[in-house]
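In the two assemblies presented below, chain A is common to both, partnered first by chain B and then by chain C.
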Partner chain A sequence: MMSFPLLEVKDISVEYGVDGKTIKAVNHVNLEINKGDVVAIVGESGSGKSTLAMTFLNLIEKPGRIRNGKVNYRGAKGVVDVLRMRPVDLMRYRWKEVSMIFQSAMNSLNPVMRIEGQLRDVMIEHGTDESLVDAKIDEKLKLAGLTTSIKKSYPHELSGGMKQRVNIALALACDPKLLIADEATTALDVVVQRQILTRLLKLKQDLSLSLVFITHDISLVANIAEIINVMYAGKIVERAFAKQLFENPLHPYTEALLQSIPTLEKGTAIKGIKGTPPDLSKEIKGCPFADRCPKMFDRCLAEPPELKNVGDNHYVSCHLY
Partner chain B sequence: MITRRYVIRRIIYMAITFFVAITLVFLLPRLAPGNPVLIILLTKYGGIVKPQQLKILESELHISGTLWQQYISFWISLLHGNFGPSFYYYPQSVSSLIITHIPWTFFLLGTSTIISIVLGVAVGSYSGWKRGYSDSFLQSFSIGLTAVPYFWLALIFQLVFAVLVVIDGTHILPVAGAYGYFVTPGFNYQFVISLLKHSILPLATLVITSFPGFALLMRNTIVTVLDEDYVLQAKAKGLSLNTIRKSYVNKNAILPVATSVGLAFAGIVGGAFIVEEVFSYPGIGYLLYNAVTVYDYPLEEGIFLIIVIVTILANFAVDLLYAYLDPRVVLK
Partner chain C sequence: MNSIIETNQVTKEFVTKRGFLKRTTSTTRALDQVNVTINENEIFGLIGESGSGKTTLGLAILRLIDLNQGKINFFGENIYDLKKRQLFNFREKTQMIFQDPYSSLNPVVTIYKSVSTPLKVFHKEMSEEQVVDKVIQTLETVGLTPADQFLNKFPSQMSGGQRQRVGIARAVISDPDFIVADEPVSMLDVSLRADILNILINLKLKLNKSMMFISHDITVTQYVSDRIAVMHLGQIVEMGESGEIIKNPLHPYTKTLIDSIPVPDPNKKWNTDEIGGQISEYTNEGKNECSYANKCPFVKDVCRERRPDFKEVEKNHFVACVLYD
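Moving on, here comes the complex of A and B:
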């Protein structure tokens, strides 16, 4: 591809120092997000998917630290590394360029501030004209599928689904180019989940957003994501177009993950994945999935596999290919 | 949100609490062994006390008759707002005694409470925001100080400034009273200076022993709030540190502190019983201490009445304040 991607994560590693141990949450990950892409990052708890997303906003805080790598963002003034921005520039970059719907949407609203105030402060600080703010607040709430009357409410007066929508409205407050939805629908029932996802996709169409979905539920993103990244133990183990990944999963982990989805068809048994993910505070010599892999062979224990293109932009990190 | 029903119900509860507390205020002094009349006769007139004298004085002071009769006359005088004369400071009335002593308590405890809160909140916030070494140090320091009993510190100050550090026969700081013997109260330079000098040691005692409590509370709430998801989101929103601090952290962190601040202010009227006694500071605590030692029933009752009223009202005020500060609190 000739044009530079909107966001390019290069060889990023993030560690958490806890109780004298170092946990390698994200381990040399590369990722590209192009303008207009809908990208999903799928993985189980502790696979590092949220940590990876945090690096897009340079939000890693103690006890976490970014070990190495770059997060290059293509803005109006060319390509900049988000991790090496001056604090003032970082403040301007956050939310204006890349915004996020947080995992804990239930707790990510300030309990003692009206919804209106939480939209207002971010708009004002990112340079929205005072006289336009009220109209913009109404506009964003409507975009998120809310009635404008809720702006006078406090978060505790809203239902879970409404809070989630408020978070969407918040994420859109400054017209970002890229929106990260980190488990944005996890706490909601399936009906509301569907509504919210449809809403996000429609917004993507209307506002020409790029979207990143982070989820543990691969079935959720099956129909909405264009590109799916499967993460395991801090690494991306497989990346492919959604259709391709579902039809022809290459990595044994992806395969197992797909088999663990309940289907409506009769006679298909759900299979779990044996064992537990590896302890990330220990050095892993070979493939991190080797312990649990049904197709494991000698080489898997000896050397770590690299993520490589096996054709048609299908990437996999497995010694079988 | 506060409903009218809540306020009405709360007023009824307060009335019940008041009734119970006032009954205890009546009973407690009378439960203490000893006879106030005997003490008055012995201390004021000395010598041999005749039984008739005892009877006359008892009826004069409304402490003759059964407990029930006394209780009823106690309520009558209470409803008239008149406790009559003090036993010990006879013929001075209870209300005039309270009125002359309460400004000293307001001055001493008002000042020390404000200093403690400001200092505590400042130290606590700094500690909570900074974390790291200074935080660990301030925390151990505060915990150590909260363990110091204020009466002990008061006695240590007495020992140091009244006994150990005496230069050429004069004290560096006055250790007793509210102002010097030779100054005339009023708006004159000498009086103000004397007043301030006399307040240093009792103030220091109160501040040193009470600010660490506020500091620890503030520090812990700041640390908790900083870990909240809405603070992380505020950072992700690219808000300035100032906005995050003001609208996101402090607004939430102030909630638990508001309760203890409200109740601390309620404590102001009660005076600092032992600190005032140790420093012979003529406040309400000092007055109460003396009233208890000489069985001055009306004076004890009068002082306790004020403490009871202020405490009940302050609790109510704190709840209302809390509902105002935290929209999640619904009082219904």
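Moving on, here comes the complex of A and C:
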């Protein structure tokens, strides 16, 4: 039997219209997420990784607009395109099917509302039975690794790590099938970061969740993600299983990215990547990485490479292959 | 080796008032009897979680805050005793690189103006041409080439990595002996960090600067530092050569920190044991106990009875923990 993806992104493009310029933030991206997968999307700031994740929930708002493409979600009633859902269906889809832990999670809680109230709001708004809400609040807080006593607190009374866990509890409030963590631990220190990630992985096992990690830190996802997508200038430039990607990075950008991380082994010099990412408001004729690439040749400037399978489900978009 | 900075029992308390009519006060010790020595031509790394007091120590060493107790010597002279004129000289010889390259540069002032300001303050005798030459030369040291193209730019026209280079240029242009770099790469993308770190190392190697490098990221810190001190709730709990701290961490807190670092190796299994239990908020209230006692997996009764001594357990490797008594 063939397995169908839980979420399938087809040829999606997103643009932002700012100051009369059009910025192509996401450019013809295809992506599949299967049930139980842990998928990472890695890229520098401005590579379009957060914008891509927003399309999973149809959250793109002006000045952004979705140029073309589909986001197919396989729910109980068959496959639906999230981007063409009626508002009432979208309401049932968000939080209940797919939910998100946001980047600035530290600031995404309502400062004048107790934690309890925030969880209650989400649950009731999305159709949880009133009589069950109290029990569910306790359950979700415990799942996120918090003591239930904190439900009476206001966000400012909690530390950064605790607020982040409240956000996890919120994201789990309506039992989603897919959880997107957008830089969920970037603002936290390493010890707390590890506690949060461990918690998420445990939830994945216990609740058979699918997880999408969005981060700029490739070393963070090395041992938690199964599949890693590397994004650059609005495109996925390489996709592989974590092991393949680290042992045999094919795209020169991935290779450079891996060389720029400091490790604990003394004496390995690290190198930055020369230059800056391209201006996405301009038309890029060839490969977007061409002017920073050490292996660039004529063809790179003339035509854009396609994302191709070069064996063992290792995809790369580079003229070298 | 000569020491450039020496702190002696440095303590700083912050008092917060709260409650009805602000009558209740609570005291947090941000720095608790800190003794560190930073040598000439050394990068001294300071690591710890948020709220551990690392930035406060950086500010104290530059005399940007007042202390409750203790003294800090700069080339043997207590900086808190300096008079106006001497303090002015001290300001020239010490500088700071800030965390956030987006807010530490004045957005309505050109790069030239930002970078040349220290010269205009400390070297009034320099002619305009000399200042321009010096600015260009400094921008080139930090990798902003061709420098003359950057002079009239505004911060908004530059990327985060370029702005942080401007921040470094501004800090080194007055030729300071000592620089505090407070989380200089934490706001930057991973691919840009490497170059900034290499610039900092070159400041030490080529220009003989001494530096305190503050960060919550051990991998980054060990890459640039000669020695590392680990801070927890205002106290230094471990200090030693950076390679030694990584290979042979002694304090339970340092061990947890090092275990938590994500390793870019997909073959290493992620340890799914939960560490440290519940996250909870503790502050240092100046109690006579080990600051890590509330979280430590090896805690004993004695840890709550007195402060552990800060002892040299191995050569140049200090730790404050009863396990090594």
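The rule is simple: the second predicted complex is superposed on the first by the 320 of 321 C-alpha atoms of A that agree within 3 Å, B and C clash if a C-alpha of one lies under 4 Å from a C-alpha of the other, contacts with A are read in each partner's own complex, and residues count from 1 in each chain.
Just so it is clear, a residue touches a chain if its C-beta (ideal position, glycine included) is under 8 Å from a C-beta of that chain, and two chains touch if they have at least 3 such contacts.
This is a predicted model, so every value here is computed, not measured.
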Looking at the overlay, does A:Asn223 come into contact with chain B only (first), chain C only (second), both, or neither?
second
Check whether A:Ala302 is in contact with chain B, with chain C, with both or with neither, and answer first, second, both or neither.
neither
According to the stated criteria, A:Thr198 is in contact with first (chain B), second (chain C), both, or neither; which is it?
second
Applying the document's definition of touch, where does A:Ala135 land relative to chain B and chain C: first, second, both, or neither?
neither
Output check: A:Ser159 vs chain B and chain C. Expected answer is one of first, second, both, neither. What do you get?
second
Partner chain(s) touched by A:Val122 [first = chain B, second = chain C, both, neither]
first
Just checking: does A:Trp95 make contact with chain B only, chain C only, both, or neither of them? Give me first, second, both or neither.
first
More residues of chain A are touched by which partner: chain B or chain C?
C
Under the contact definition given at the top, report the residues of chain A touching chain B in one complex and chain C in the other.
none
Contact residues on chain A for chain B in the complex?
57, 59, 61, 90-96, 99-100, 102, 104, 107-113, 117, 121-122, 125-126, 154, 156, 170
Using the touch definition from the top, list the residues of chain B that touch chain A in their complex.
228-230, 232-240, 243, 247-248, 251-252, 255, 325-328
List of chain C residues in touch with chain A within their complex
49-50, 159-161, 189-198, 216-220, 222-223, 242-243, 246, 256-276, 278-279, 281
Chain A residues touching chain C in their complex are 44-45, 145-147, 158-162, 165, 189-195, 197-199, 201-202, 216-224, 242-243, 245-247, 256-264, 266, 269-273, 276
